[in-house]
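Same chain, two partners: chain A is paired with chain B first, then with chain C.
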Partner chain A sequence: MPLMNMENDYNRFRQIIKGKIKENLRKYISNGEMIGRKGKELVSIPLPQIDIPRFRFGDNGQGGAGQGDGEPGEPLSQGDGEEGEGQAGNEPGAHVREVELTMDELAEILGEELELPNIEPRGKKEIVSHKDRYTGIRRVGPESLRHHKRTFKEALKRQIISGQFNVEKPRIVPIRDDYRYRSWKTTTKPESNAVIIYMMDVSGSMWEEQKEIVRLETFWIDTWLHYQYKGLKTRYIVHDARAYEVDRETFFTLKENGGTVISTAYELALKIIEKDYPVDEWNIYAFHFSDGDNWSRDDNKYCLELLRDHLLPRVNMFGYGQVESTYGSGEFYDYLEEHLGDDDRLILSQIPDKEAIYDSIKDFLGKGK
Partner chain B sequence: MSISEKVLEELRELKKSPGAARKDKFYYFHKALDGLDVAVKFKDIDRYGIVVDYISLARTEPILDVEAINRRLEQQAETVQKTITYLLEDFMLIEMDKASKRAQLRSYPPYEKENSKFFYEIVLEEGTRVHFQRYEYNKEHRRYEKITSQLTLEIFKRLVDDLANLVK
Partner chain C sequence: MSVTQKDILALQPEIEELARSYGLDFFPVIFELVDYDTMNQLAAYGGFPIRYPHWRFGMEYDQLSKGYRYGLQKIYEMVINTNPCYAYLMDVNALVDQKLVMAHVYAHCDFFKNNFYFSHTNRKMIDEMANHAIRVRRYIDRFGLETVENFIDVCLSLENLIDYHSPYIKRKGDNREVSDNGAPKPRIKKLKSKKYMEKFINPPEFIEAQKKKLEEEKPEHLSYPAQPERDVLLFLLEHAPLENWQRDVLGIIREEAYYFAPQGMTKIMNEGWATYWHATMMTRNLLHPKEVVDYAEHHSGTVANHPGRLNPYRIGYLLFQDIEDRWNKGKFGKEWEECDDWREKKNWDKQLGLGRQKIFEVRKLYNDVTFIDTFLTEEFAREHKLFSFAYNKENKRYEIESREFHLIKQRLLQSLTNMGQPIIEVVEANYKNRGELFLKHKFEGVELHVQYARDTMRNLFHLWKRPVNIQTIVNEKPVILSFNGQDYHEVEIEEA
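Then we have the complex of A and B:
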């Protein structure tokens, strides 16, 4: 019973934590602090306004019930405090509380708060994964899997039944018949394959501030899509006037000063999809972030052709997020809206500043694609 | 007579000629002067100043070597940043696209007023062409618009001479 209470308390505490995170989700989303605290499976979240439960002791020597001169029923007082001279402390203040959440818990919170629908994978071929779990016991098996506790239990049972067990001089010797071994069951689990291709403009007009917005937004998109698809794959493309495939770290840190030719990224994304991700087997997501300042209108036209004829037919969704540079926001967003605004595979989002990331995530993921 | 003085003289002449202003109320000047192809779009000019939309200068003789073009673009970009410092907004190299042989400089930081950002832009192409323009970005309409610059004649002359020196 006490264990049950503890579990209830623990669950209640987790609910409180989740509630607090939900309340402040907009702040967390626009604040990069959390990303630096992400481990492989857990993320630690600073929660300055939460009290960690702890035992509280009363003050000692205050003449409690049964120890003082009071009559039964007389209210207890805290006594008179002594006045003293205080001094300002010179030690650092209390640390901000941090709680750990799994990435799935974080995704759940994101989903609940932003009212994100679960993704319906497209009618793709399902990939089956196999997993072995040690759940049973057998009489035969390799010595490395011998279950010692069960083996001795069997030996003890046999010795008691046959009258060989001496309580005064307990000695258990297992024989071959007593040996027990762990056995496993293979479970099969259907999985949907999914890949995200992130593309980012790293041209001269995309400064640190703009890249930080992209970094934050991709963290949340990643969190949600990983929650929806186990074993999600990610590919990263950067471009200025040319496009390259890079690793995750380079994606967020690379600074170039070239011009902006968006079609180079779309061409490379198409090449990657055609080479590695057959459309009948994969759920494909593509996200492109830029300040929209494409250097030529001819390239806008070419991008439109690449999107309409090649990329959109292959993807579950294509998200284009336009961040605002120091000088403003280019015309690429308007161009896409004008020509492909009706295509529901294309989702457009304006992200003028960090505060807008929250709504932008909702734009991208709110349709359950 | 410097190229800027010749340009000024031409612009004044153009303004005097009847019916020179187009429907959009701008004057368009385009002429070869001192071996350069000069184009200026302006709204008005008087004894003290000019309301100019763009200034474009191009050397007719091309540079053929790509390496030489890119070296020259880098030098030109550096020269702009060092010399064109009299517009109250200094220039900064934003993008240098060696593949398309083009460099883009903008004044930094952009001047912000109410819902708008204002900045000058100089685009250098092929090592032989330069284009000067002022822009306004309106946050509400999310659009760049080309706008005019109001310059004193002294500043205008200095600017034309500096731009001409870049591409000569």
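Then we have the complex of A and C:
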């Protein structure tokens, strides 16, 4: 007795949630609430205003009765007040409810709200996915896959042709030859592979606040590119005066005190690409975040060469995101703008504060590359 | 080791007969075995297979499914108050669980049939709900999903503003006869007379003079409603400027709220009663020796004491046991109350054997508030380690407040009164002589959640279409909160 209406009510609920998230997307993007709530495939989002408001007692006003040991003055364990008889609950603020979305749903919302174009993958496609579908019929197969209706039809046909069929007494007995089985076809779906190489300046002039911005940016870039490419890989490079490849955890936590030589990161990225990601098989994305304060003008020049002659020809896009810091001069942005501003494989974006993340994501992903 | 519908049908006559032999009196019960997903869907719909379309059912279902998936909760049974009584059982449960649950269901059904607070409920509610669904669907076809849905959201927001006791009592202001200007018509006292004597006994001049006098004495300002109206939904139905379909939808929401209200008003009793009976029937009759361990596990889960809070199954069950014991031993009445020798009290046994009779009487006449008020004793509170708790503002946490009996009882009753919801009445529908709605929160120590109150007022405005005011207490000061369709205002006032 499945209830036919529930599907509608449930879908309507999901639709409403998605609408609310979309409305508040800018806020979600800049305050980063979602990041800590991301599981493997689901993200849990605190959603205001989905509950139906009623006249009710305020938080923490109402006491109640309980049962158990303890002296007056001892605290109740967490949530006791909430579950007490007829209790109002002690959750803070206005009606907030946690809802869960899949990462794909979140990406869809991001795409719709920021009007992101789908990405046209380039290069040769690497075959990655196989799918089995029952599409055909054959004469041999396991009994569990026997197609009763087809088998019956075959037997009927044979008996009619051979004159054994008696309308008065229709008895159909299939013989070995009549048996039909379902058969499957393996379809291979060509999918494009993609890799993101994130680079970040971890020199002394990059503070927590700047790194937080980078963390938020990468979360949304990841979400979008994951949605576009199923086989997405991510590599992380940090640099000060030297560059290292690190894991994701380290990427966001490492803090160095050295100076900044950006070219070291570009060299390392190039090395990784040459070693692991043949250009004709991979869609390559590189993002570099820095406060724009490079060691020397000479290094700026070297960076330019690396970008123009080696990196840009190999990648779908190269994003440079410049966060603002009190200590950074921010000159690297201007330098790139001046020399490579016309190259549409290079996307430059300035991210002075968290509020700017929304537009910066649009800068980076809005070209559909 | 799951069970089939056939097993249930085979068990049913035995359990039904047994329940009857104990004196339980119920509507016919129809058991349906359902899988967890159907169970979650039914639970989201409050047990009814067909409800009007609304997203919140989807939300409930989402929560229940999540709870089940993560192993946080599992619904063993669901029974609805109808005649015949439908009971849904979860198909994956073992036979011993089903026995327990079926015994439990018969007791619930007995409670539905006999408890006074259910006496006005519509026992054909399955059909009624389906009719509601059809009507709402028709409105959706005519006026569009969003229009109707938004209106239902508004109504649901006010759903708790009903008079939970109105079905059982006659309130003073029930005489709704009013004159054109909104005030009750004043009457002129006439003396009784035969018709032909009328103009001598009640001379027309005198009547005229009386009329005039009444007219003069008429108070300058009459408030409407004459008596504060606690059934705010009814008041809106009768007086808010609504379109016909809106009135119908509001009526539907109100009818369903009244239908579900007794279940909230008797949660402790109803669950206690059902638990008392499943325990009695299982241990005395139904339990097979090899099932004892499984039974014990299930039963102890039902009545488990969750540290620091009250489990309605447990407290109800223990109280029914306590009442039975007290009336068996004669631990009640003047003599018992006046005895202050604890030793004598401890060994008190007048061998009256009135326990069973008494609990049947209790299940008929009481609701949770009167049940706790009458039968929660100091001895019981001490034996079962009850305490009261309150929020400590300094430490920002809930703390055990006291083990004093009167405080425990007070807190418990407070949390049950009006189903733990603020009491709010319509006091004046022509406030400031500008057709504004004026509500009053009957303050009983706990303040309203201001944010929720504001959002709810917005919804009230949506129906009333004139400014909405509510008198309440905010931060320990009497205030009037107002919403005029655009802004909120808060004005401190003198008297509470």
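The rule is simple: the second predicted complex is superposed on the first by the 260 of 369 C-alpha atoms of A that agree within 3 Å, B and C clash if a C-alpha of one lies under 4 Å from a C-alpha of the other, contacts with A are read in each partner's own complex, and residues count from 1 in each chain.
Just so it is clear, contacts are C-beta pairs under 8 Å (C-beta built on N, C-alpha and C of every residue); 3 or more make two chains touch, one makes a residue touch a chain.
Source: prediction; values computed, not measured.
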Contacts of A:Asn8 with chain B and chain C, given as first, second, both or neither: second
Partner chain in contact with A:Glu100 - chain B first, chain C second, else both or neither: second
Touching partner for A:Ser203 - first (chain B), second (chain C), both, neither: first
When both partners are placed on the shared chain, which of chain B and chain C touches more of chain A: C
Touching partner for A:Pro352 - first (chain B), second (chain C), both, neither: first
Partner chain(s) touched by A:Ile16 [first = chain B, second = chain C, both, neither]: second
Chain B versus chain C as contact partner of A:Pro313, first or second or both or neither: neither
Chain B/chain C common contact set on chain A: none
Contact set on chain C toward chain A in their complex: 32, 34, 37-38, 41-42, 44-45, 49-51, 53-59, 61-62, 66, 133, 149, 153, 156-161, 268, 305-312, 314-315, 384-391, 393, 395, 397-403, 408-409, 411-412, 414-416, 419-422, 424, 441, 446-453, 455-456, 459
Parts of chain A lying in touch with chain C, wherever the complex brings them together: 1-3, 5-6, 8-14, 16, 50, 52-77, 80-81, 83-88, 90, 93-95, 97, 99-100
Chain B residues within the chain A interface of the complex: 93-100, 102, 104, 106, 108-110, 117, 119, 135, 137, 139, 142-144
Chain B-touching residues of chain A, taken from the complex the two chains share: 203-205, 240-242, 257-261, 295, 326-331, 333-334, 350, 352
